[in-house]
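You will see two complexes here that share subunit A, one where it goes with subunit B and one where it goes with subunit C.
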Partner chain A sequence: MGSPEPSDVNLPAAEKPETAIPFDEMGTAGQCRPHYELVRRWLDETPPELLALKRREAELLFRRIGITFAVYAEGGDPERLIPFDIIPRVLDAAEWELVSRGLRQRVRALNAFIRDVYHRREILRAGLMPPALVLHNEGFRPEMQDFEPAQGVYTHVAGIDIVRLGPREFTVLEDNCRTPSGVSYMMENREAMMRLFPDLFAHHRIASVAHYPEELLDTLQSVAPPNCQGEPRVALLTPGAHNSAYYEHSFLADEMGIELVEGADLFVDDNVVYMRTTEGPKRVDVLYRRVDDDFLDPLTFRPESVVGTPGLFNAYRSGNLTLANGVGAGIADDKAIYRFVPAMIRFYLGEEPILSNVRTFSCAQDGDLAYVLDHLEELVVKEARGSGGYGMLIGPQATQEQLAEFRAKLRAAPGDYIAQPTLALSTCPTFVEAGIAPRHVDLRPFVLVGRDIRIVPGGLTRVAMRAGSLVVNSSQGGGTKDTWVLED
Partner chain B sequence: MRLRVRHQTAYSYDSPIAAAIQTLRLTPRNYDGLRVVQWRVWSDRRRELPVFIDGYGNPTHCHAVNYPHTDATVFVEGEVETAATHGIVRGAPEPLPPLFFLRRTPLTVPDAALEALARQAAPQGSVLKQLHALLHLVRDRVDYLRGATDVATTAAEALAAGAGVCQDHAHIFIAAARQLGIPARYVGGYIWTGLETQEYQATHAWAETFVHDLGWVGFDPANRICPTEAYIRTSVGLDYRSAAPVRGIRRGAGAETLSVAVNVIQAGVDQ
Partner chain C sequence: MLSRTADNLYWLARYMERAENIARIVMVGHRMTSLARSLGNSGNEWHSTLLAAGCEPAFFAKHAEASAPLVIDYLVRDPDNPSSIFTCLETARRNARAVRTALTVDMWDALNETWYQARGGGRFAATADLPALVDWVKERSLLFAGAYANTMLRNDAYYFTRLGTFIERADNTARILDVKYHVLMPRHEGIGGALDYYHWQAILRSVSALRSYHWVYQDRLKPWLVAELLLLRPEMPRSLLSCYEQIIRHLELLAEAYGGKRGECHRIAGELHAKLRFGRIQDIFQSGLHEFLTEFIDRSVTLGDEISSLYLL
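Moving on to the complex of A and B:
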């Protein structure tokens, strides 16, 4: 169970390809990019002993907060700290303007797509996607057919994983439209940096991220259901303390000043949801739920679920409750659907995509399959339905046996696989054992969609701590950085 | 044919339970073969039950009792006017496209035996002939036997057991039809048997398949026929789980006794 993990499966665990020199966020030797000047000066001017001390302080800080690694990988040591790197990742105003414009566009298209697949399916009628890819996809929830959630929004909190391949080239690796996690890191990282290096913040115009909970609450209130009376009551639904992202659930509920509830704290009467409180039942209008569709309501979905509330979906469909994110939003972040996102942007918005997609081969198509079989050594092959990096092949790292095995698998069941080229992710200076060295990074901004779209500047930067590694996920020793967006 | 339905489900518990909730898909919608004259779903705990249309187009009532109780009875009462359509279902709301109904579900995943069953029907030529062959094949292979299966029994399990109820016949038929590339779905409803004594048979399940030029066509493998004017369809879905006439959950330890009485009679005919 748990939320869809920010997936790292898109990031091949391969060493960087020999041919491509990755873009460095700070710049090449002797040529510091202007907006990194302040970081460079700070690194130059601060004695190494002091930096080392600050790094230890940072670790203590995180231990005290109790924010642990488990958000990203299940089954890991729950007490292990996710490494925090004190060298920030910096984006200037123009870069962020480009990225945020691209994010808005993409998330508008994703929402339009979800709305369409649960209504008239115009995109299938137009012949832009194979109908079976949607209709036979486990992410397609027939229960949602013809249901219009408040404001027509399905994915209210979208975590879009972006990598950078060049100065103006930002590419989306994966869309997370269900219950993306990690925003608590974004906030805690900033908090830690401000405590450790107050001077840096005093002298530079770094866009704040502290208002994220406020923006989230505003967003949730703006999607109150049609039958809501008066001020909407919002609560956060968690699967419980055993969940890997529980820290984040309680953190966000706390920051927003809303109730943190579990399924058993709620009940449904007359298709209306109530929260049990010491002062009697209170009507709930909006649930920011961090429970997967399958477990939300045993009366509609998996009957064995014990973390859900029976009747919740009935209340949702009856217009008495908003679930954020909406049920069935997972159809938009399926790996086999991903390659059609640029087509969605053109189809629904009539615009050209601002953020590019990773070239993706659908092995179900004959032409693509032939190419993939021919270039297997260069490609990353993933199960279309897989997650967590299981059952994937990293061409550049694979043995002859593994390549042969995958060729057989691809021929036997091509529809189960997609393939992508190995990417040269940008690098960012990072503290490692040997000192400061470039390490690969990605970025997960959190896009909030309600009556309007809001994005807190930046997001969560993840960094691969191992030399040459493209794997930024924490289970593989990945860490995080504070992400700065400089204001003009 | 004018049919009158009276369906009463009484739940009783040997000690008070804290709460119970049910989702009920027990209401027909109009189509060319049926017109709803009147229909009502309520309980002795609530005069009115809230209703919405689900993703498959099924009117769905919700019955919740959120206080300690030892019994509750849900009533369904209604009258419909039906017409014979040779099983063809036209004029019904169809929110989901036929292609969707090729999707496999845990209850209808084909195993080798189901694939073999489908192959037996395949050489019959036209899709309609294949389906008619399947109608008999399913019933030949699986005896009608109550208690041999339950709501969680899969098509493959029921076929292997060689015994089951209408729900199992429908699942096997659906699994085999999908295996043949024919969209198929589960239908729940009522049936007029003309026999006042066999009350339990008045709730029924069968299948519908999508045939080009005809649209959705019903097949009732349990009775080896296409549905007649004696059939009242109240729910459709991919399988029993999505089309279940009743899905319920209760909170509390009391052991449940369920007593169901269903009566489908011809209206205007002296009983």
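Moving on to the complex of A and C:
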């Protein structure tokens, strides 16, 4: 009661004081890590003017292809390019083996948790989580109770955000179980690098990422609904051209050779979903939907939604349609649920977590709130339901006014916030105005879950382009890098 | 293919064609006004341009007087006018973006680059040179037409794109010809006078057909021959007959691709084509060119609606 000690679920594997020098992916001066040797030599030998030229070429390339990312902030270009950094982020085979083992474990536990939440809720019966946190959560969908989706899978495409704190220390910052985006950048970044620096590729054995669309299509076909007859027909449901990730939607549909549909292209007749084509209606079995739960079906969810299709949810529950990701998967990626993921891994799998969690304070609890208010200068405060790096406070970089503003917010609505220690995210050499300098990075690999689990080696590396900045979100001016996983 | 995809292809082709045709209509107005001024008879050329472009009611809802700068502004760059050149380019590109996967890379490049150029560099500024802008629009439209004619697969996506181009072009050829009807002739400048002659010449120039006229007729400009060239001659690529030959051809290809299914649009297109194929210019002039064009434009709208209801909804 009122104890200053935070109520930990698990202690972080590594937490470095903010003053420590962060781990650098390439290594410290004079001590280059072996798998970075060729990249280092390339950087040493290439004059900065040539790098600058290549960067401009890259920008033209992206602009021409039309890869853009709309940002939901006022003003600015509605089709802004995400800055692309031409220096790759490199992981060796052993590092990737560790990460991918941890990802498989984590995503299995997340799916088991979602299934449990909509069935017997054993984890609540066992007293491992406060029931209100789950049952009163915005991400909880009572409509899903006792429904069994194909193969028991809820999150078919999971994007797990990982930061690195040390040589073997990979920590999960956030799970994205609903409609994670960014995979098109993973692929286009690779494409751009291969065009710009063919020589680099000739001297490395870099695991390919080009088969991601095939793996995704296989995964989606493996979760065809029980009533599907014959070869399942898959379509990608997009909110439309105004969505910030629209480029990705059209890119993936194109690469998989499936139709890119909007809500109005579909209709439901007798609980079966059809798309309107120039030759008449065609049945759809699996929808890779990039529309949020709330907007999927105006009959079941928000009635004012214009991007959904009436009747979709009943088709889903009738076994005539698979929605990927499943409805209600958001219960597993809520920021307040996050701190229980290690407990889920132990409870459902009987294993110890391979990837650690960041210590997280739930401001809804008195003890945690007192601690957070006392240590605000050291902590990162996030909205429990926010995403994209909007509305967050980074204590060590905040002004007195910002700190005071957040103290007031925390006191007014503590349940809306969580807090975490400021982490020393690893850095990676990055080409910036002043030359090559270290910048903080994270990594979002994409985990595909169908009949089995598949991970394309690599992911999207996001980089904070400003010196010292820890915010890598593209909506906040972050950039991206090509991510290499070296083969042995 | 998805009905919406077909709809987007059809409309993006229509909007690109419309941008070009509005540019051509504006050029007719521009030429006629200069001619009238040089002959000392300023008339209502800009008002007739508005009528021909089908923009008259919306224009007067916004402006009181059809002065040259206001009409040009409205037809060239006004974002409130859904048929202004700028809006057409924007709408075409928006349609294209919604069906990126159905376009060839060259088509997308042509549309995307056009839109970027239209937005930047003051090309559409009020002070920009009008003939230079019109030339640029024609050039971009030709680039788009070439890109899709040379790179698209010959399947239903292509047929819908072609339909969009030719439905729009037929509509616009009819409208350009109709500009002449609305221009008031000064009392002393009757039919067959110098001004009348220059008007017909301006119309031919605007559809890039002055030289074609001389090749086909080897005669001085005569109104009924100009009309015949633009309505009934199969060798003139912008004539109504040429457009309708393309329209029935692509509607037939669609019917074949979709197992022989036909609808009211096939019948209307056939009927209009027969009228052009077997019509005589003397008869059209006798019963009134303007009346013929008006009915034709109305029937084209109905044809568009029928195509939509069979394929695009």
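Quick note on the criterion: the second predicted complex is superposed on the first by the 436 of 488 C-alpha atoms of A that agree within 3 Å, B and C clash if a C-alpha of one lies under 4 Å from a C-alpha of the other, contacts with A are read in each partner's own complex, and residues count from 1 in each chain.
We take it that a contact is a pair of C-beta atoms (placed from the backbone, for glycine too) under 8 Å apart; a residue touches a chain by one contact, two chains touch by 3 or more.
Everything numeric here is computed off the predicted structure, so don't read it as measured data.
Asker: In the overlaid three-chain picture, which partner chain does A:A329 touch, first (subunit B) or second (subunit C), both, or neither?
Answerer: neither
Asker: When the two structures are laid over each other on chain A, which of subunit B and subunit C touches more residues of subunit A?
Answerer: Between subunit B and subunit C, the winner on subunit A residue contacts is B.
Asker: By the touch definition at the top of the document, which applies to A:V286: first (subunit B), second (subunit C), both, or neither?
Answerer: Once the two structures are laid over each other on A, A:V286 reaches no partner at all.
Asker: Now for A:F147: first (subunit B), second (subunit C), both, or neither, which partner does it touch?
Answerer: After superposing on A, A:F147 lies in contact with subunit B but is clear of subunit C.
Asker: Look at A:A253 in the shared chain and tell me whether it touches subunit B only, subunit C only, both, or neither; answer first, second, both or neither.
Answerer: In the superposition, A:A253 touches subunit C alone.
Asker: Going by the contact rule set out at the top, does A:P303 touch subunit B (first), subunit C (second), both, or neither?
Answerer: A:P303 sits against subunit B, while subunit C stays out of touch.
Asker: One more residue to check, A:S318. First (subunit B), second (subunit C), both or neither?
Answerer: Only subunit B; A:S318 stays clear of subunit C.
Asker: Is there a shared patch on subunit A that both subunit B and subunit C touch, and which residues make it up?
Answerer: Looking at subunit A, the two contact sets are disjoint.
Asker: Could you please specify the touching residues of subunit B with respect to subunit A in the complex?
Answerer: Those in contact with subunit A are residues 19, 21-23, 50, 52-56, 60, 62, 64, 66, 95-97, 99-100, 102-103, 238, 241-242, 247-249.
Asker: Can you check the complex and tell me which residues of subunit C touch subunit A?
Answerer: Subunit C residues touching subunit A: 1-4, 6, 94, 97-98, 100-101, 108-109, 112, 156, 160, 254, 258-259, 311-313.
Asker: Under the touch definition given earlier, write down the residues of subunit A that touch subunit B in their complex.
Answerer: Subunit A reaches subunit B through residues 121, 131-132, 135-136, 141-147, 267-271, 298-300, 303, 310-311, 314, 317-318.
Asker: Which residues of subunit A touch subunit C in their complex?
Answerer: Interface residues on the subunit A side: 64, 66, 240-241, 246, 250, 253-254, 259-262, 264-265, 275-279.
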